Amino acid sequence: MKVTVNGRPRELSAGATVASVVEMLDVAPGARGVAIALDGEVVSRGRWAETELREGSLVEIVAAIGGG
Amino acid sequence: MSADQLQIAGRTFDSRLILGTGGFANHELLAQACRAAGAELCTVALRRLDPTARGSILDVLEEVGVQVLPNTAGCFTARDAVTTAQLAREAFQTDWIKLEVIGDDRTLLPDAVELVAAAEELVDAGFVVLPYTTDDPVLARRLEDVGCAAVMPLGSPIGSGMGICNPYNLSIIIERAGVPVILDAGVGTASDAALAMEHGCDAVLCASAISRAHDPAAMARAVSLGVQAGRLAHGAGRIARRRYAQASTPEEGMPAFDVQGVAR
Amino acid sequence: MSADQLQIAGRTFDSRLILGTGGFANHELLAQACRAAGAELCTVALRRLDPTARGSILDVLEEVGVQVLPNTAGCFTARDAVTTAQLAREAFQTDWIKLEVIGDDRTLLPDAVELVAAAEELVDAGFVVLPYTTDDPVLARRLEDVGCAAVMPLGSPIGSGMGICNPYNLSIIIERAGVPVILDAGVGTASDAALAMEHGCDAVLCASAISRAHDPAAMARAVSLGVQAGRLAHGAGRIARRRYAQASTPEEGMPAFDVQGVAR
Amino acid sequence: MKVTVNGRPRELSAGATVASVVEMLDVAPGARGVAIALDGEVVSRGRWAETELREGSLVEIVAAIGGG
Amino acid sequence: MSADQLQIAGRTFDSRLILGTGGFANHELLAQACRAAGAELCTVALRRLDPTARGSILDVLEEVGVQVLPNTAGCFTARDAVTTAQLAREAFQTDWIKLEVIGDDRTLLPDAVELVAAAEELVDAGFVVLPYTTDDPVLARRLEDVGCAAVMPLGSPIGSGMGICNPYNLSIIIERAGVPVILDAGVGTASDAALAMEHGCDAVLCASAISRAHDPAAMARAVSLGVQAGRLAHGAGRIARRRYAQASTPEEGMPAFDVQGVAR
Amino acid sequence: MSADQLQIAGRTFDSRLILGTGGFANHELLAQACRAAGAELCTVALRRLDPTARGSILDVLEEVGVQVLPNTAGCFTARDAVTTAQLAREAFQTDWIKLEVIGDDRTLLPDAVELVAAAEELVDAGFVVLPYTTDDPVLARRLEDVGCAAVMPLGSPIGSGMGICNPYNLSIIIERAGVPVILDAGVGTASDAALAMEHGCDAVLCASAISRAHDPAAMARAVSLGVQAGRLAHGAGRIARRRYAQASTPEEGMPAFDVQGVAR
Amino acid sequence: MKVTVNGRPRELSAGATVASVVEMLDVAPGARGVAIALDGEVVSRGRWAETELREGSLVEIVAAIGGG
Amino acid sequence: MKVTVNGRPRELSAGATVASVVEMLDVAPGARGVAIALDGEVVSRGRWAETELREGSLVEIVAAIGGG
């Protein structure tokens, strides 16, 4: 199915989860300062594995940077 | 100075200088500046994860031993700011949020209406909200009324280095605030920070003035000393301004060397 | 900071704050302020001997370990200033003199004509002359040309606490001076001292702001920190002032939470 | 003879010196931060004893105080 | 100057000084001030009818020949401001309203949130809205975006006479405004009005500075001249500020009077 | 305003704006500016005769009907200034001289010592001396004491357009002067002139701000209006500055629209 | 019935209108710069005569004064 | 003889006067705003004709210009 991850279109197999995306991006499982929003709602780390994406899902994976 | 600690929402800090971590050329300069400033609290932001990035800023800050204050920099709406705050809570495991909702990307000035809406929503959601606001005393009061833990008025626009453009408004905010007042944005050099503290600010947040200085560590130390100087001066009871002079040397007892009829 | 010493006429000082000893309620408060300020050099004056006076200020200053800089406070003519300087040399066994020739007892502002005449005569007589002068760049240049070891422009009238009334003139003096520039008079609080150093002054002399503060020792410490802050900031290369903002948080990488057709 | 010491008229016996004045004022011989001008000219400590006053002499004895 | 008219919502005015009618000791002084100022537009307020009052201010203003701009002074909520505006439309038969929604009775500063809400509602109801606002550029932009016919930022609080506390913010508002910018509140004397016009304001509203001056008619004339002076200067293209001097008298051609070996 | 005339050394003027004639692109622009300013008195300088020059500036000024005030611009010593003044007396048949003795060709600031010497000599030689001086109150007093007919303190360096850098010093000079005080140098635009008059100056001299403006005639008119505005405001008794607001609209009599149990 | 006019309680006979209140206050019929709100809503001059008050009505009659 | 006029060396015949210099420079006799200094001393117009120059004389002829 087609989803958008950090602004870029991605093709994922049906049943893909938030965790699949994390994996796809090579994010270390224990990476610090990382958080994810799926279609505008935060998905806590504990629910990455169980949360499935759907056609057209918008995934934002953010990390800490220097700022303000 | 440990007797004179900064208190925000039940947490105490020995340092009254909060360091912004944006604008440093590299992590090493950031670490040096943190140490030179004696900072205990540093702001951080969230942006799309960059898979190529090596090493997290969190490791640097942990090594230096400072705590993290996430911000919502770059948000133009209450909605985006709230979502960003929730991401920050997840990413940094803290309820504290430096709330920024800007109205304009050239001035980066806060949008009063969106800011109040976001603050209200975040307070209701259990966040400890520290809003970046204008120097408008009525807006600052509103933010306190909706439950913000502090108010962070600007001195002048972010990164402008123009110092405190309207000391009058700042002093009105301070006179009437029931929560800590932290000067945010505008500091260009140490004397700006000293001035803010002399006006009665509880703390100063400084980013660009340090991170973009020619020598960030030296400026970090300078601003830190400025904050301490201003805090001490605020408590020391300065002399009043007067239009005319007041001699510091007693006038009585002046000798008179001239005398009628004495040849010299 | 020992690498960054103040040099005047071949003597070096670690501290860039010179303390005026007038206006203290008692010798104990003076001693505390000297220590809090970390002062190495203090001004003293001469007045008719008071047989009833108990204990000399010199004992206090010696105990604290500071050196003495005599002044000619209260003199209205070159002639009286020169005689007073000669008495000071005899009384304190030093060739150093802070030269004051005032034109007026309400403003205590220097009299340019008498000041230049006195400076010239004292330099010829082998004194190390540090003149208290106005913020007039031409007058400062003249004083340097006649051989003064430093120039001490005012920020505002003695004891007025108005800070630096004309930063433009001060910066012109600094740009063109070949001798140390010491801000004398006008400092009201720590940020004034920081500002003077940021402008490029080599040192600051402060009397009333400390001696007449509600808590002299605290203000002494505050002004001392302000001087250090300003000195460091001066060397750290401050950011330029800009009318518009410059984000301290990168703008790229902002997440986009909204999407067509996504229910929230 | 009549002289003026720190602004006050004084009567001294002929031959009085600067030292006599110092004595008269009870200034300890080794007093610190003290200097004297006689008729507008400084008299160094070493010459106090030998320097005689004359009728109408103006003596100023000054000492250190906190200032400026 | 008739070529250079002020235009607001399709109406044109020769005078760029709007006179506030509050604070005059009596109607005669008001009439004199109107004439001295050459005012074409005056603000008026609504209060509970006083049956004992003799003669309406409207008669005075009609006699002088000025038009009326009602305000909503004293309202703390959008709701009260809207009702007051509707009463004003009924009482004065005009759709024009100077919208004031204040947040605080000590500073009388506008409440940004209520102000925007009221402005939006009144624009929708067909009013020509001239909002009294802070000097916040983002708020001014929002007011323009909801359809206000002009924006009226303050220089400093009403009646404070402190002039323009933050010229930076004012100039940002002017740079980006698509509607007339009228300085409202803070003017204390003629030079404040001139300065506002030099910054590029389209007009100035002045009340207390005139009505409470020792000689209201003289100050009305002074402020009116100040507005004209500032307007002209704004268009005349002022010289740039420079740190150093530029001779106004040519330096070449200086005679040389001295000559070797010429006795004088 | 004819009741309120400027008096200097027994001559009276209706206009309080003295126009400097340097820096105009051509004689026609000068003539237009003189008329727009309503000037009665203009400064002129002396330089080596240029045989190729066509038409004298004196013809222009005569045609416009203004009187001439010669200056000693460009002189660095009392001696040259005195000789130049004597040449001016011969060339223009007037005893009036605007005395300039500068210390420095980058700041064009007066040299206090040479200035006082020249003033004394010229007064003794029967000149009516109007000295261009710094903003030093003691120097201004000295110049009055030697017999100058007015004092002309600078606001900031010639041609700098920085306005009045130190209003404090200017006001001290005015408070204590027994002769007219004319602000000379530094005016950049109309509000600077208004401000000077509000401070209590008796007149303003303006050259570069007008002659080098994009539209000299318009700026001449603007500065002239500014001078009149400031003069009137000075006499009108301005309101005091206050930190908090004072309502211009009465607070009593506010209607109350809300009522328990009334549906809206 | 009991109403409140400009903050003061008034006793009016049943059927009283806005016009009655105007009359009661001695406001000249053609008075300039006068407007009226009844229970928070403006009543235009043309409707003063026909608009009846009710028990507890809140009447605000305002007039022009110098301001702002 | 050699003299200097407005900074430039000039060769004049013996007995030359200030007036000769004025003539040499083509200055109209009645020219306005003109004055002359000879060796640092002003020579009033009335004395131009009778005032002789000498070897090495320094002549400055000045005229009005816009200034200050």
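General remarks:
Think of it as A, B, C, D, E, F, G and H in the order they're written, each chain with its own count starting at 1.
Just so we're on the same page, a residue touches a chain if its C-beta (ideal position, glycine included) is under 8 Å from a C-beta of that chain, and two chains touch if they have at least 3 such contacts.
Fair warning: this is a prediction, and the values are worked out from it, not measured in the lab.
Steps from chain E to chain F, minimised over paths through touching chains, total 1. Taken together, chain E and chain H share the touching chains F. Chain pairs F-H and C-F differ in how many C-beta pairs are in contact, and the one with more is F-H. Between the CA-based centres of chain B and chain D the separation comes to 60 Å, rounded to the whole angstrom.
Note: centroid distance chain C to chain D, computed from Cα atoms, is 34 Å.
Mean C-alpha position of chain C lies 44 Å from that of chain E. Listed for chain E are residues 20, 22-23, 45-48, 50, 71, 73, 83, 87, 107, 109, 162, 168, 172, 207, 211, 243, 248-250, 253, 255, 257-258, each touching two or more other chains. Along chain A, residues 6-7, 37, 40, 60, 62, 65-68 each make contact with two or more other chains. Within the complex, the chain B residues that touch chain A are 20-24, 30, 43-51, 53, 56-59, 68, 70-71, 73, 83, 86-92, 98, 100, 158, 207, 211. Contact residues on chain C toward chain B in their complex (touch as defined above): 20, 22-23, 45-48, 50, 71, 73-74, 79-80, 83-84, 87, 105-109, 157-162, 188-191, 193-195, 198, 207-209, 211-216, 218-219, 221-226, 228-233, 235-255, 257-258. Looking at the complex, you find that chain F touches chain C at residues 102-104, 107, 109-113, 116, 134-139, 141-142, 156, 162, 165-166, 168-169, 172.
Chain C makes touch with chain A in their complex at residues 248-250, 253, 255-259, 261-262, 264. Touching chain C in their complex are the following residues of chain D: 6-7, 25-27, 31-37, 40-42, 44-45, 60-68.
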